[in-house]
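Order of writing sets the labels: A, B, C and D. Residues in every chain begin at 1.
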Amino acid sequence: MTSVIQSIDYFAIAPPLALALTACVVLLLDAFLPRGPRVRGTLGLVTLAGVLAALALLVAQAVRGQTLATFCVPAPVACSYVVDHITLIFAGLALVAGVVVILLSMEELAGGEIPVGEWYFLLLCTLVGAITLPASRDLVMLVVALELVSLPVFVLTALRRYDGRASEAAVKLFLVSVVSTAIMLFGVSLMYGVSGTLHLAGLQQGLVGNPLAQTAVPSAALVLIIAGFAFKVAAVPFHSWAADVYEGASLPVAALLSVISKAAGFAGLILVLVVAQPLTSGIWVPLVAVIAALTMTVGNLLAMRQAHAVRLLAWSSVAQSGYILAPLGAGPDGAGAAVVYLVFYAAMNLGAFAVVMLVSRADSRLGGGTLQDYRGLIFRSPAAALALAFFLVCLAGLPPGLAGLFAKVAVFRELVDGGVAWLAIVMAINTVVGLYYYATWTAALFSPAPSGAPELPRARSAQVAVGVAIAVVATVVFSVSPQLVFDVGSLSALG
Amino acid sequence: MIVVAALAVLLPFLGAVGGLLGPRSVRWAAWVAVVPAAVSAVLAAWLAIGRARVSGTLTLIETGSLPISVGLDVTELSALTGVLATVVALAVQVYSVGYMRYERRYRSYSAFISLFTSAMLLVVYAADLIVLYVGWEIMGLCSYLLIGHWWEDRANSRAAVKAFLVTRLGDVGFLFGIFVLGFGAGSFRIDDIITRFPEMSPATLTVGTLLLLAGVAGKSAQAPLHTWLPDAMAGPTPISALIHAATMVAAGIFVVARLFPVFAAAPGTLTVLGAMAALGMLGAALAALAQDDLKRVLAYSTISQLAIMAGALAARDADAAIFHLLTHGAFKALLFLCAGLVIHRVATNLMSGMGGLRRVMPITFATMTVGFAALMGLPPASGFFSKDAALAAMGEAARGGVLNTIFYGTALLTVAVTGAYATRAWLRTFFGPPAVTADDHHTGEGPATMLWPVVVLAVPALLLGFAVLTPPHLGTAVLSVALSLLGAGVVYAVWRRDRVRDPARLLGPLRVPFERAFYVDTVYSTLFVRPVWALARLVVRTDDTVVDGAVRGSGRTAQGMSGLLRFAQNGNAQVYVSGLLAGLLVIVIGAVVLG
Amino acid sequence: MHILYPVVVSVLLFSIGIYGVLARRNTILVLMSVELMLNAVNLNLIAFNVWLEDRLLGGQVLSLFVIVIAAAELGVGLAIVLAVFRNRRTVDLDRLRDLSEPEPEHEGRGDGAAAKEGVGR
Amino acid sequence: MTTWTGWLTVALLVIPTLGAAGLFVLHKPTESALKAYGVIVSGAALLPAAALALTFDYGDAAAIQHELNAPWIPGLDLRFHLGVDGISLPLVVLTALLTFLCFVYLLGARAVGRRRELVFALLVLDIGMIGTFLALDLLLFFVFFEVVLIPMYFVIAIWGGPRRRAAAVKFILYTLLGSVVLLLGLLLIWSQTGTLDIVALAGAHGAGLPRGVQIVAFIAVGVGLAVKTPMWPLHTWLPDAHTEAPTVGSVLLAGVLLKMGTYGFARIAIPVLPDGAHAVAPWLGAFAVVGIVYGALACLAQRDLKRMIAYSSVGHMGFVLLGFATLTPVGINAALFGNIAHGLITGLLFFLAGAIKDRYGTADMSALGGGMLGRLPYLGSLLTFACIASLGLPGLAGFWGEMLALLGAFQPAPGLSRPLFLVFMAVGGLGTLLTAAYFLVMLSRVTHGSPGPLVPTDGTDVRKYEYSAWVPLVLLILLFGLWPKALLSITDPAVQTLLGAR
């Protein structure tokens, strides 16, 4: 029996480690420092520093440019934790998004009703999960990382203890999530049974010799595994929770769910379907295509008649998930386009959430507000209105929001190239439906507020403004020079 | 010399521009209208006297297909017609200074006449069919603008629209005819078409010329596209004289004559032309017999006379047709201008409001008598010679077939009816008891600027026949004069019995159908106008309910589906989980099937 | 022992769990049903591990993780249920419906107002 | 190949961009400052357009000139490739001119709320319009094609009439649907040939593209462009948009935006996909002539002046499409000529309709009553002029496009069914008659007759600023009408090249 004692490459796991350490520090600081607004700020800054440190480590890894692997077993060699191109993209995305979410949190926590230490601790835990997940190369790691992303979010959602809606949202999120996790785990167990290994790298090989592999079990197992990730990205039929939870949770959590958690889900999907590829793509590609079509359609249709801003964003992000899934429905090669779209989407969507946060903070009566409350925003706070308009137009995929346009072009290109014309047409129609609600909302920003409406206070919050600024800068940069994103998401790099 | 031709075309155009954009004074407008017309007339005369063929091309416009050559080509025929056009135009411009000078919109009026003159000259001198078409259409526009000059009255406006649309209907065919001949000859140049027509297949020739004929029928008010002309009398009288009697309507005849070799090679077309002419000459003459409006009488007589020209063309005698065109231009312009004087005097168009004017307006009486004599074809007036030539040609052709014989017979019958209606109009206007007119502040015959053109025009109307030194054909001459006098005699006899009542009562029950010109307008209205309106309304309804309905429907469908989906989002977590599991089950089954 | 027996048991267990999740209104009972599902997974994992004679003992390792996860989930779940109970005085799932698509007449407000605004300007 | 004069094309885009950006810098500008600002910026943008026209080598109108070619997004094969040739030059100049004239018109228009936003929207619109005509890269074309949507949406939705919101939404959704289909077609071309370069693709004349693919791509591209054009039956967004849009919006919509659709046919669909064009041409022609007659009939029964002009666009664009459908040089020349003519004439018509609406407060013909020639003689005369130009009278710009399109249909490209196209020609000819009918009926209703009970709230005839905005259009209509060679000599060589090798 050969030795299975593993050596650990600490440089490879440095970013999650840094985050985890920061999480502990935050918890300790919270326990020992006196309560007060200044401490709240300090904790926020510490968290921010931790995330930035992790980001710096990630950059260091990227600069070094070679694939790092650790937690390996010999014969056949398989590693559980690999830092390669795809890991770097998803982890980087999660961390940058994390910075924005932390900035939003600082504003959210300013009220003092929410326990600060726990909040930041949980947030950091989620981030650990989110950056571990894309590095995971075995099913155990994948499951644990996924749980690490999910569990803290339940609590984050429920942390507004005084708010029944938050608790309700937490229950719904929790219930759908644990059922999905259970299903996924069941799939993992089946997959383990038919392949004899838990390492992604060995799946394909493991299936070859197994008698059960000739049955329908592997297909079923694969679908069940996907279920866990599909829940994360809120693909149909795992979408129902989205709006209720986004509405009930506080805005930073909604932003987190819509970007970080979703990115983790897509990372998992791509790892299982494309990187591991236990089954030939002929089995899952049509399924993913159908799911993508359903997801975008359902998301858009539900968003169409939404009057509530956050619910609208929730359904729109479901629809956007459909667009991200779509290139995978053209074949494994579509993963590049999916990543590209995800990166663009993250910037635009975070920006939108940040502005919504800014606006809803300005008037605490509005819990995110209805679209009516956005009327005449251009007169109250022009910068916020312009930023929101820009993000919405980006999400709709029209110039001047070139980022969104190029993202859609990338997806369409993949679909046309892959010959999935029907999906391309479905997506084309969906783009139009999507534009309907984005345009309605955008138009509301610029139309005069109804007479007799109370004078709303101007939006003012430094941290959120910085968050908005980050998103704006990112989106503008992506618009002007989308090649940056195409470089990181390019297909060759994924292999 | 080509510069002369170009100047003749351009000067009136510049006059029009100057009139429209120049200072707001009647004096300026009058000068700017009359002088270019006069210069053009001189230049046209010069070209005609020179008798040398002048042609030149300014440039070729590449269209990607057959090129358009922007150029002029003054043949003998063009030169003559040009003289007619410019002289009549000059007469009208001068006459209008008197007739219209107190008119508020004299400026635009005279400018449009200048523009018309220019366009007519372009038609006449054009070397290229497309260029000709440009002038052809601009004439149509001017006609529209001038008929609608008193647009305050809705009836005028309607008449203008009708004139434009009916002629445009023909023009569409005309344009297609140009295409057919142009492609047949590989060039739009008239010269090329005339020289290359033997290369074209008979079918091409027949189709091309027939299509051209549509335009000719529209412009020259031939059946079945004649209905606009009587209504066009709504315009100021000089316009009726100029455009709707002397020049524009002659353009159609001119084009056929210009392309006559081509038409001559298409016997089918000539037969159609003959039939149209026969129908038109007699029908219009009969209609003229029953009109009460003096200008409408003249209008119908114009249709009838143009049909005689067309008949001569159909009988393959282009010279006779052009001869009649020229004399008709002179005497019809004269008649209209005289009618204008009369109308100016009595302030009504209706003959029932006239009578006994020969004493009050001796000069008008004399000149108009010349005009009527020419119209009836009585020697020695010009009309006698030209009509005789046309009739002789048709008589000659009659030997060639039954149809041609019928055409000839119709023409002879028309001569008799012409005699009748001309006499009726003459008698009702100048003889009999003077009608009491409330508006009698005009005394005398009218201003000099109005009288002079009349007198000047009377000269060619009377003498133009001698210009062409062909002796009359004795047989037809005697026959036609006799028939004409017969018609005149019958009318005179009826009139003598009761000098107040209209001799048209002779027609009995036929009078109303004649007066309504055989209800052609009504038929067209039922057959074409009303269905088009109904269709238009249908299209608007369809557009709203079907075409746009589909668009809106798709929006509503989306909204409806949205509503259905929202129904599932009822907030119950267990419903969500059920949906999740059901969906998952379907997917698993799908995967298993695919796997 | 054929691998089929434990797997069938596991599937049955899992199905019972699903039934419980769908049919129970009480949140606590739903949580317990989820536990059943997770334990079905564990049973599967252990059985496969034995059947496969996995040298790395992957199934067993994962089942340990699943147990931990289940514990964590249950803990968080109960905490959330507690919070819900404190706010709402109920733990019935189908009475937790504050967050849902609003009634049509409520959302119709947006459209009507938009139309009115269109006329107003 | 980038030539040093490529900067001219860039300047055309940069000036409005800087102008739009500059609006953010201005601090609380006054109305008059904004008026001047708009005129100055659009005037400055007119300069490179004029320079482009002046330095253009007319002897070599078929070649791409003032070219700029730089990589932008290698990940999408997208290059920043600009240039003009005989096909695009007139449209570029027309766009710059119309934009400028719109700003001139806005100089005098009173009580325009939120002028800064309007100036901004129009400048962004300008970028999109000019960029579309300059782009020589399929995706770049698409990007600029899309740029116009949002500003036009706002122009309609903010400054429009009472039912502007619905009209704006319809406009943007409908045209977006078209553009997405267009995108699919463009991507199909890309996926088959691996290049997005229009010049290279056009030079290949469809080599390397199987016939089936060409047909599918042509249908996709064609439908996308046809929505914008608009071709019957994809036109219903147009009347609503025009009816509700403010005057400048209507002018630019009709004057330039519609041309982007037809320009796409000349620039992309026909040269890049010759076989596809060949297969689909009969259908295109059929839809075109149905559009001509349908548009004309719809105009006959319209009550609203602006709506009627909008429907007239459907008819006129039918002639343009018919020209394309013939696939002959003359047909395509006709289409390009018709494009420019329609831009000038319908632009003028919408200016006039806007002026009438300003004065009377309504554009409903029965409410207007009549007698406009009596009350506002100059306005009435200009309206008459514009209508007559629009109905295709020879000697004015509208004629040549229609006549040449019919000429093209008389002898379509080899391989196309001649009898079918003869039928199209005949129906098109009927369409010209109906076109004349509705314009004359409208003139008769509005300008003739005695003045109705409705008294204009503002009885002044044409004002100075109106003259300055309209007279250039009138002059150009006359110029191109009397001297069609001015345009044909530029387009013809380019068209011959475009259809060459076939």
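The criterion applied here is as follows: a residue touches a chain if its C-beta (ideal position, glycine included) is under 8 Å from a C-beta of that chain, and two chains touch if they have at least 3 such contacts.
A quick map from chain label to UniProt name: A = NADH-quinone oxidoreductase subunit N; B = NADH dehydrogenase; C = NADH-quinone oxidoreductase subunit K; D = NADH-quinone oxidoreductase subunit M.
Owing to the predicted nature of the structure, the values given are computational and were not obtained by experimental measurement.
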Remotest chain, chain B (NADH dehydrogenase) as reference, centres from CA atoms: C
Chain nearest the overall Cα centroid: D
Chain pair showing more contacts of the two, A-B and B-C: A-B
CA centroid of chain A to CA centroid of chain B (NADH dehydrogenase), Å: 77
Chain centre separation in whole Å, for chain C relative to chain B (NADH dehydrogenase) (CA means): 88
Distance between the centres, which are taken as Cα means, of chain D and chain C, whole angstrom: 58
Computed distance of Cα centres, chain C from chain A, in Å: 21
In chain D, residues with contacts to at least two other chains: 165
Contacts with 2+ other chains: residues of chain B (NADH dehydrogenase): 563, 566, 569, 571, 573, 577, 581
Multi-chain contact sites of chain A, meaning residues that touch two or more partners: 171-172, 175, 179, 183, 243-244, 302, 305, 436, 440, 447
Of all residues in chain C, those that touch chain A in their complex: 3, 7, 10, 14, 17-18, 21, 27, 30, 34, 37-38, 40-41, 44-45, 47-49, 51-52, 54-56, 58-59, 61-62, 65-66, 69, 72-73, 76-77, 79-81, 83-84, 86-88, 93, 96, 98-102, 106-107, 109-110, 113-114, 117, 121
Residue ranges of chain B (NADH dehydrogenase) touching chain A (in the complex, touch as defined): 558-559, 561-563, 565-566, 568-569, 571, 573, 575-577, 579-584, 587-588, 590-592, 594-595
Complex interface listing, chain D residues touching chain A: 72-76, 117, 124, 128, 139, 142-144, 146-147, 149-150, 153-154, 157-158, 165, 168-169, 172-173, 176-177, 180-181, 183-184, 187-188, 190-191
Contacting residues of chain B (NADH dehydrogenase) [partner chain C, same complex]: 563, 566-567, 569-574, 577-578, 581
Chain D to chain B (NADH dehydrogenase) touching residues, read off their complex: 170, 174, 232-233, 235-237, 294, 297-302, 328-334, 371, 373-374, 381, 388, 393-395, 399, 403-404, 406-408, 410-411, 425-426, 429-430, 432-434, 436-437, 440-441, 444, 447-450, 484-485, 488-489, 492, 495-496
